[in-house]
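The first chain written gets the first letter, and so on, giving A, B, C and D; residue counts start at 1 in each chain.
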Amino acid sequence: MIKALFNLVLAFFLVLSLEGIARKIVARVQRRIGPPWYQNFIDVFKALSKHPFSNGWVFDFGVLMALGGSVATAMLMPLGSLKWTPFPNTDNFFVITYLFTVGALGMAMGMVGSGNPWASIGISRALTQMLGYELPFLVVMASVIFNYKTASIHQLITFQGEKWNLFSMPLGAIVAFISLIGMMGKKPFDIAIAPAEIASGPMVELSGKYLGLLQIMHDFSLFVEISLFVNVFLGGGSLGWFLVKFVTVWVVAVLISSVLPRFRIEQMLKFYWGVPLGLAFLNALFVVLGLTL
Amino acid sequence: MALGLLPLVLLTLSIFIYLVSKMSWKMGALLNFLAGLFTILYVFTLKVGTFEKLDLFGLNIQFEWTNVSFYFSFVSLLVIVSVMLFSTKWLETQKYRASYNMFLLMVTAGSLGVFMAADLITLYVFWEIAVLSSLLIVPMEKKEARKAVVVYAVMSAVGTYAFLYGTFLAYQRYGTLNIHGIAQGMLNDTSIGFKMAVFLLLSAAGIAKSGIFPLHIWLRETHGLAPNAFSSVLSGQFIKLGNYIFLLVLSVIPSLKVFSEVTVYSGIPLPNYILIALGNVSIVIGTLMAIKQDDMKMLMAYSSVANGGYILIGIGTMDPLGFEGGMFHIFNHAVASAVIFMAFAAVIYRTKTQKISEMGGLIHKMPVTFLVYLFSIISLAGIPPMSGFISKWMIYQALVRKGMFITAFLAFFGSIGSFLYVFRPLAGVFLGQLPRKYRDVKEAPAVMLTPMVLLVLISFFLGVWPFPILQAIEKIRVDLDVAPSFKISDPENWLVKGFAGSWNPVLVFGLFLVGFIVAYILYSLFPRPKKVDLLAPHREEGTPINIYTGGEFIYNPDLYHYNTKFYAGFERMYEKHPSWEKLLKMFGKLFHDAGEWIHSWFFEPSSSAYTFWVVVTLLLVFWVRW
Amino acid sequence: MTNSMSDALKTLEVFRPEVEEIDEREVKLSVAPDRVIAVLETLKSLGYSHLSLMTCIDWIEDSQFELVYILFSWKDGGKFIVTTRIDRNNPQFVTVKEIWPVARFYEREIHEFFGVKFSGNEDMKPLFLELWDDKPPLRKDFDPLEYSRRKFPGREYQKDVIDEAKKIFRGEING
Amino acid sequence: MKERSIWERIADNLRSRSIWMLHYCTGCGAVELPPSMTSRFDMERFGIAPMATPRQADILLITGYLNTKTLRRVIYTYEQMPDPKYVVGFGSCTINGGIYFDSYATVNRLDYYIPVDVYIAGCMPRPEAILEAFNYLMEKIRKGEADGWKRYRENYEWYKQNQIRSLGEVYVHDEFHE
């Protein structure tokens, strides 16, 4: 259980500071100074310290369920090796992805419960987006699981002892990275939280501490998504190596997302169900024929 | 009381209940419920393996009570008993109350008979009882339901008569009607073609009943227009009849051994593969059509199509995990869709409309119905704390383990699509702004809520501690020796094991609770929120809605609720989709016109031409004298 | 004056308008109040179909309101400004809503800002001003400064800042 | 100025370092905001970021003259903002009515209706003045002097009575929104 709590603490501090660094990177890309790296900590605690409005018990229940779901998923996530796996017999891939959707559904219900049509439009976009990026990712993961005959993450890590999945299944890694950007809701795919079009979508009625709690929930979900990608495709190694890989994946994603404009829903779906899905099936074909590098 | 008498007693009881309901329908409904309760308790006492032979009007009926029949009767009785309790209060909205009670009991008797039948003819007889009584209940409430019942009758007729034809084929070749006898005969039969024909003909009844691809058209209108409580039985219990046929055909007749020489891909024989392909197509159709429906009951009808596809895929793989996943999904789908339809019935009982676009914000008035609906869609969509996830997890494990990537892809598409279409009524009907005309809607009566809450609690309990039902299914799997050596559930250390890793449902639920508590602690640490009253425009006129409206004053809540065309972005992508219904309607039109042409040929207006044709036909008949 | 506009003038001779040519394609016709509708209809039939503006001018000295109709023709680009004078104390006039539907809003605005009543156009609800409780604001005898001081309290300055600003501007004292 | 508890002081420090600005431009001064956000002046380095909804925002910028229609919407938005909120008045129109001092529709003094923490003089201040004002506001928040929202809550009646006096009624039915 201590490892699980360590997971939470690490997730909170690591991802918040990484987001501060991301804002710095984006600022540097736009040739301006940008906020200090600890800016997100200040934002979260400032938001938590304000006197909020609550739109009814569903609104509160939804926020609690969202945070509960993503905290539970973060506690399940192994960090790079068996030594750092909180619950070795329950870190099945499908359990993690579907427990992750508990958070998403809780947030969706809470935000629509706020009664604001902006939020419903944002949530309908977010669910459509989930349909978009989730399918190529699951097909690639199915081929990885079929290849190594196991779905438990820490066993997948040990199988990648000498060669990372990134090199043995390059197609799968590329598709997984593209859907990772969609999962994180970074720039090209932040249709659901578009501040200009739908007044920051689902977060339109979030004031004070709800905004802070949702920000923490977003951090835990970022932590889960990126560590899932790092565990499955970039092999294992000690905790230090895991953090290095985590940061590099995050920086690459931020660089890509800082220069791309926002997609529309159809464009996003056509994009995800076009090339990435094709590559995913191609990768599955290679795996079935045993052609992994 | 002997095993065979149970369905017959229920049938006579239904006549008696008809008379009682004539006097007072409340008494009739109560009696109905008690009869159901008695049956479900009696089913527990029956010993597995008792064989019973009865001859009734010269037809010898054979019953056999196996683990499979226990499991299926328990599932369907659970749904029917809760609907009977539900309709004790709900029936006041109906006109034909007495016949509703009678036919509901007949449906129970029929399905019990089907699950207990040892030979195909008794199965067919009780199958007809169940189908005919449901045919009579469906058109009871709405006028348009009459046309829908015709489509339903045709579709199930296609299925049942193909089944009957398959039975006679098997009887003519193997000399016996007993299921195990046929299975033995098929084992040592050599001609693949004949075995395949019998297999597909028998499974046609399953395809028709559980709404798999070619025969899935009737589901939308029948579920949409049937009396609300009965559509819960229709989707919760009637689909199980179809699934029983699949089980019968796929595993009671051991399809792996029977068709071992025509294996297509990773150990799955050709007929199974055909059925799985049909299951895939029905998942895609069910999900895509459900996402764009505006009528909430039709939406759930299409979700039954999709979940029927899931069950078929689960059982079709004949892989221990897939088989057990499919069987568990039968239970989950039955409970979840029964509760969802009952929740819709409660909503319609209060708001008198089925269209999502006309409703909204009902959570302020019907919170318990909202919670019941929320937990059942969590189970239907397959999300961890509820039991729906375990069955889907097993099916995914089997599909990925066998390397069937197309089916796995479609299964993932179905499960994520199910998030979308179960969320649409949640957001459109329960959340958002309450329209003016539903200002004084009250919560559904308590009698209606108790069955829903009970079913949700059962599903919740099984989600956290699935081992009782997993052991029951494991007993079935060992009976039908589908890879009996493989252990899936071991309750000692709370693990559900699969090929590719295991997981611990109690731990996952515990973690979710810990997460919830951590969230609540964080929530209560910080300043208390100021309550925003979403019902302000309803309380006193002239106060604008107090949510962010771009600085404008909005006084009319009806304008400010987003529920029509909820997934507009996604629906636009498949606007002009090929419709299977239009194809069949075109065929129907073709036959209609041909008949019209021949009809006009004979029935001339002039009497002379009419007599001429009569004479010609008579001559022809005598000349041939076959 | 383009020749098409001059023949239009010839047809309008019967109404004896005072013609005043403002620009090469712009002519002002001031007409007696009872002949305005006829002039407008003939001009519309001659192609001057676009009522681009309808407004009112307050001549407080000779206590009259001047109603101005600006018609524009898309065919030859000519612009006729038809004006008429009505009494200021009891401003009454006929609506042109039937000829140009858009006039309904113009008349509503004129009613709100000048107080002119238009018979035949009954929805005289306030269009721009919300909860207005004073004289129609665009009348010359309405003093906006006084109204502004009464309705929207301003900031009291100890010393007279404005004339000090003038001095700075004139450079008498350095700012 | 009452003594603030340790939590209050920490919270004020946090609030000063990350101000979220409501993207609701009421007048001609809003055109000065984009240049102060982009790379030359870069407001974000002080932690100031534009937010789309009043629920998430800390400061409300009144960037120009306020006529009666906009004032109603500004008051309504101000009341939708969560509590420690601040108002910054841009330009002379909010101070004393500016060039519209004698108009029948324009407000002459903003802080009769909502409490204003910082005024920026100038007939539309340039980005340097805006950043200077924001830093001054951050300093006031840190010292705890920026208590406009407390004043609004304490003498709420006085503000309401002023609003009714000038606007007649804050919420108004107009035919275009039924």
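As a working rule, contacts are C-beta pairs under 8 Å (C-beta built on N, C-alpha and C of every residue); 3 or more make two chains touch, one makes a residue touch a chain.
Chain-to-protein mapping (UniProt): A, B, D = NADH dehydrogenase, putative.
Everything numeric in this text was worked out from a predicted model, so none of it was measured.
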Could you tell me which chain's Cα centre is nearest to the average position of every protein Cα atom shown?
A
Please work out the Cα centroid separation of subunit B (NADH dehydrogenase, putative) and subunit C, and write it as a whole number of Å.
72
Whole-Å distance, subunit A (NADH dehydrogenase, putative) centre to subunit C centre, using C-alpha means?
63
Rounded to the nearest Å, the gap separating the Cα centres of subunit B (NADH dehydrogenase, putative) and subunit D (NADH dehydrogenase, putative) is 58
Which integer distance in Å separates the CA centroid of subunit C from that of subunit D (NADH dehydrogenase, putative)?
38
Subunit D (NADH dehydrogenase, putative): which residues touch two or more other chains?
53, 55, 72, 80, 172
Counting only residues that touch at least two other chains, what does the list for subunit A (NADH dehydrogenase, putative) look like?
49-53, 199, 204-205, 207-208
Pairs of chains found to touch, sorted by chain label:
A-B, A-D, B-D, C-D
Residue positions on subunit D (NADH dehydrogenase, putative) within touch of subunit A (NADH dehydrogenase, putative) in the complex are 11, 14-15, 17-18, 20, 23, 38-40, 42, 44-47, 50-53, 55-56, 58, 80-84
Over in the complex, which subunit B (NADH dehydrogenase, putative) residues touch subunit A (NADH dehydrogenase, putative)? Could you list them?
361, 363-364, 370, 374, 378, 381-385, 389, 392-393, 396-397, 399-401, 403, 405, 408-409, 412-413, 416-417, 419-420, 423, 426-427, 431-433, 495, 498-504, 507-508, 511-520, 522-523, 525-532, 534, 545, 547-548, 550, 560-563, 566-570, 572-573
For subunit A (NADH dehydrogenase, putative), which residues are in contact with subunit B (NADH dehydrogenase, putative) within the complex?
4, 8, 48-56, 58, 60, 63-65, 67-72, 75-76, 87, 89-95, 98-99, 101-102, 105, 108-109, 112-118, 120-121, 123-125, 127-128, 130-131, 134-135, 138-139, 142-143, 145-146, 149-152, 155, 199, 204-205, 207-210, 212-213, 216, 264-266, 269-270, 281, 284, 288
Mind listing the subunit D (NADH dehydrogenase, putative) positions that touch subunit B (NADH dehydrogenase, putative) in their complex?
24, 53-55, 72-74, 76-77, 80, 171-173, 177-178
In the complex, the residues of subunit C that touch subunit D (NADH dehydrogenase, putative) are 125, 129-131, 133-134, 137, 142, 144-145, 147-149, 151-155
